[in-house]
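After this come two complexes, each holding chain A, first together with chain B and then together with chain C.
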Partner chain A sequence: MATLRLDGIRKRYPNGMTALHGIDLSVADGELIVVVGPSGCGKSTLLRILAGLEPITAGELAINGRRVNELEPAARDIAMVFQNYALYPHMSVAGNMAYALKNRGTPKDEIRRRVANTAALLGLDDLLERRPRQLSGGQRQRVAMGRAIIREPQVFLFDEPLSNLDAKLRVQMRLEIRRLQKRLGITSVYVTHDQVEAMTLADRLVVMNGGHVEQCGTPMALYARPATRFVASFLGSPAMNFLPVTAHAGGVVLPNGAQVALPAILPEGDAATLGIRPEHLVEATASEEAAATLDVTVEMLEPLGADTLAYTRLPGVETWLVVRLDGAHAAREGQRLSLALPVAHCHVFDARGARVPMTGREDAEALAAQ
Partner chain B sequence: MSAPFQHHRVTPWLLMAPQLAIVLVFFFWPSLQAIEQAFYVEDAFGLSREFAGLANFQAVLSDATYYQALGTTLVFSLAVALGAMSIALGLAVMADRVVRGARGYRTLLIWPYAVAPAVAGVLWLFLFDPTLGLVSGALGHLGIAWDHKLDGAQALALVIMASIWKQMSYNFVFFLAALQAVPKSLLEAAVIDRAGPWRRFWTITFPLLSPTAFFLLVMNCVYAFFETFGTIDTVTAGGPGGATTTLVYKVYQDGFVGQDMGASAAQSVLLMALVGGLTWVQFRYLERRVQY
Partner chain C sequence: MRYRRPGLDWLSHGLLGLCCLLFGLPVWLAVTASTHTLGDLYSQTAPLGFGDAGLDNYRELLGGAVGGLGTDVTTLLVNSTLMALGIAVGKIAISVLAAYAIVFFAFPLRRLCFWLIFITLMLPVEVRILPTFEVVADLGLLDSYAGLILPLIASATATFLMRQFYLTVPPELVEAARIDGAGPWRFLRDILLPLSKTNFAALFVIMFLYGWNQYLWPLLITNDADYLTIVVSLKRLLTSADGLVPWHYVTATAVLAMLPPIGVILLMQRYFVKGLVDSEK
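Coming up: the complex of A and B.
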């Protein structure tokens, strides 16, 4: 049971590289925070700092309100699941799980009891005498989890724990981690570069880029109102469409001259980006309140079963416009489609990539949520 | 496509031929000759010989100096193998931690391996020379009378030191490579699992080095048994009073100095059997414990 507080955490390596430029974050008791970002964004460094494996250059890290900057990893009462699991190859599964308890001088009877309990929780009962090399990837993953759980730590740290598993196992273990974390109620920080994993696991999501936190919030809040163009592009699959536009009275103008009516608050003539998710582009009907109607040509189709992704092109615009159509849609390549841009789902980002506010938008969404 | 590989029945043999020839000429042939010779009695000039059955073995096994040499060899080999391995491990652990100038230290530590055994022997001989030596002089000031030409125990200690110094570098290279192959994340996991540095070394690092340590144990035993000949010959020539005569040195002494070819051959057959047996025991009982 623990809370975490990060206050202006900075990390600068001796070679002059700055990995973290001041991270502020509060984690509530029992919360599962997922830190997501592309490789090199500093998310692993952040996790290693929490674990105490890297010293902090500046700022303060507190667990349960107590400053732990100077504490050794052993004294922080945290457990970590490593990307390659880092199982001790010369110890059995039971030995791997018992190692931390032995180091703490836990009585033998209690070690045996706790190993048995943890093994039962993770379905490892029959594997206790095996060596790590005799286990499958999924089983190793479970042992790594067991080694963390058995200590009943204050905080769990996960460093891309599923990235070495195949796609099917990844989905299964994802659910299992979520279930275990909720059941044990242990405060957790989970690092991944996989946005699906991030969306599905997180109570709150932290999107990082270049050593900064881009945005922090619930997965759905970040999906619905990305604060930056980076967050918008990182979350959601297939990725959001971006069109270069110019600000104009009453909206923005596409490169081909088409007008999009939006209440975006942006000085006239400024360059900006219009973002719209593939699932929010719909075929134009008279009833929809549309910011604009775009006539596009279907160039390629990707049938996924439930949905079909249509790669379309807008005359005079270079980038693709990806549209998610119903799987039963009878679209053909070369066909022309008339697409509506729903005002509520249009995002505008300024030249620096920051979200441009729109008059009445937050109110409208708050209303829709009720 | 397959044309270059059509002669695949002959090509591998051709490629192996040089190595096979060397092994046959320099190992199997002399070994077989030694085995043959062990059953004959030969005159000192090699002009005539006579089949003697097991008489050579009987003579060797009832000779008290043979057992003395066996005892010396066991003490010597054990001390050299353990000394060279533990010092090398200690140095490798320290070299592994060094960040600045690591390459320089490593090169310096590997150097002794490039020194010929006889040269290494002479080096130590000078250092410990009873009248001229730097170390023996210093020991004299401390009240220790050093004269390995008179004191058998000191002579044995000297050849052990020289042999350890020579073999340490070899062990160092292997231990350092093995240390660097230990995944960093394992040690980090152990740090988080509350293992202190000492415990981390003995419960994580050392077990992971055990395959290397086992390999080195076999190599060091073979080294101590056979390859220390040059060092012993230059430093003590087996003396004083046979105190540093190991089995391999006795083979040389009886055969090439004493001209008793039959006894020498019988000893080398016994020595081969001893080292073969020792290696077998090591593989049988130790290797099973070091696998993971």
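Coming up: the complex of A and C.
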């Protein structure tokens, strides 16, 4: 059982490239933190630093309050699951799982008992004598998990463990990881570039970009109140719609002159971005209070079954406006729709991409509190 | 076969058969000639069939000192085997360690070290034979197994091959081992060496043959018949003192000299081919 504390962690490679610009993060005991971001954002570097595979340039890393900056990976009492599993090809499943214990000098009976327990936990009982190359992708993944679990480490580190699996297996293993992590209650850091994995697994989500933490919080908080345009664009599928707007007294103005009434606090005339998620664009009805009503033309439809995605265009605006319609909706291509922008779901970002607080809305206080 | 034409099939098989004959004939002649008496060999043209003196020839060779050799062929075989084994095992051991250091450890001038090893490929034994002889003589290693083996024991080729293999080992494997608490020696022993088994087989065959076929170096540093190798002694048998070349002994010794390499190849060929072809682990 462990807590993890990162204090101004910086990483600068010898070639002068800075991968991490001061990361601060506290992980509570038993928490599952998902670090998400596009490739090259520093998330893998962060994980490797936690593991001790990369030296830290500046800052402090503590496990259970004890500084571990200088400790070798094996001495940190962490376990890591690699993207390509990194199983030892010449060892059996049992051998792979037992290797770390053997190196620690654990007694043979103890090793045998723990291998049996872990195998039972993961459903690997019948595969213990197999070699990794005789296993399917999902089984290998399980062995890699087993190799981590068997050591009963302080911290689990996952480096995109599901990205080599096919879509169906990925969903299944995702649930299994979640179940195991909760059951064992081991503090975990999970790195992925898949926002669905991130949303579904995380107790708390850390969105990284360019070596910085963009935002950190529960998945739903980040989804509902993204602190930056980057976070807004990264979470949610299909991605949030962004419309270029100009600040105006009492709201913002779309390029085609349409006014959107929002309590956003922005100097008049500033360029900004209005964000709205596809699922929050609704067909205008007379009763609803809307910031604006947009008349759009449906250009393309993508039926997904439960929902239908409509790619629509607003006259005078270049970008698509994606709308999530009910699957039963009778929209046709070329049809005109009247969409309402609900005030509560509109996000405004300033020219630098930071969220603009709105008066009279809970996110103003939330943002101030951060 | 890319083209399915019967005529071409016959032609290629014919050529193949012809080549087999061409390569096989001298070996066959050596085998048959070694079963005749010296008198037979001098009184007729090269016999294609077996004679009846085979057992006697081989028994004399293996049992006692023959002709101008001053030793029996058993000693020669033992010497050659020891030398070839020493060279093969030593080359593998040294190249494994050298390649391990070059690939997995970051130290100053690492690249320079690699290139220094690599360019020694361009310096075969023959080029550096005089200075090497001088060193070995000064060390008092003439007429000894150490003198036969040590100067030939470092191998740039083997180091290079091992390095190429190590470079294909995924870095995650190294990291997983580090997290699992395996230090450098443990990683080498538990992970790297077991993974290199097929490479060892391939290297062993190549290096054993290399050691077995050494001629110039053993010729230079051995005077004592107790340290003669079989390849050198073949030449010595040809320049026999009493005028008549003992062809029955020469061919029998040649046949005996072929056997250990053939044995090694047969034993290792399964792994050997795998090690050269199968880089995917």
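The definition used in the following text is that the second predicted complex is superposed on the first by the 362 of 370 C-alpha atoms of A that agree within 3 Å, B and C clash if a C-alpha of one lies under 4 Å from a C-alpha of the other, contacts with A are read in each partner's own complex, and residues count from 1 in each chain.
Note that a residue touches a chain if its C-beta (ideal position, glycine included) is under 8 Å from a C-beta of that chain, and two chains touch if they have at least 3 such contacts.
Predicted model, so just to flag it, every value in this text is computed and none were measured.
When both complexes are superposed on chain A, chain B and chain C clash.
Of the two partner chains placed by the overlay, neither chain B nor chain C lies in contact with A:291. Judged by the touch definition given at the top, the superposed model places A:89 against both chain B and chain C. Contacts of A:103 after superposition: both chain B and chain C are touched. By the touch criterion defined above, A:79 lies against chain B and chain C together after alignment on the C-alpha atoms of chain A.
Of the two partner chains placed around the shared chain by superposition, chain B and chain C are both touched by A:51.
Once the two complexes are laid over each other on the shared chain, residue contacts for A:131 go to chain B alone; chain C is not touched. Chain A residues 51-53, 72-74, 78-80, 82-84, 86, 88-90, 99-100, 103-104, 147 lie at the interface with chain B in one structure and with chain C in the other. The residues of chain B lying in touch with chain A in their complex are 183, 185-186, 188-196, 199, 203-204, 207-208, 210, 292. Contact residues of chain A toward chain B in the complex are 51-53, 72-74, 78-80, 82-84, 86, 88-90, 99-100, 103-104, 131, 133, 147, 151.
Residues 170, 172-173, 175-182, 186, 190-191, 194-195, 281 of chain C are the ones touching chain A in the complex. Across the complex, chain C is touched by residues 51-53, 72-74, 78-80, 82-84, 86-90, 99-100, 103-104, 147 of chain A.
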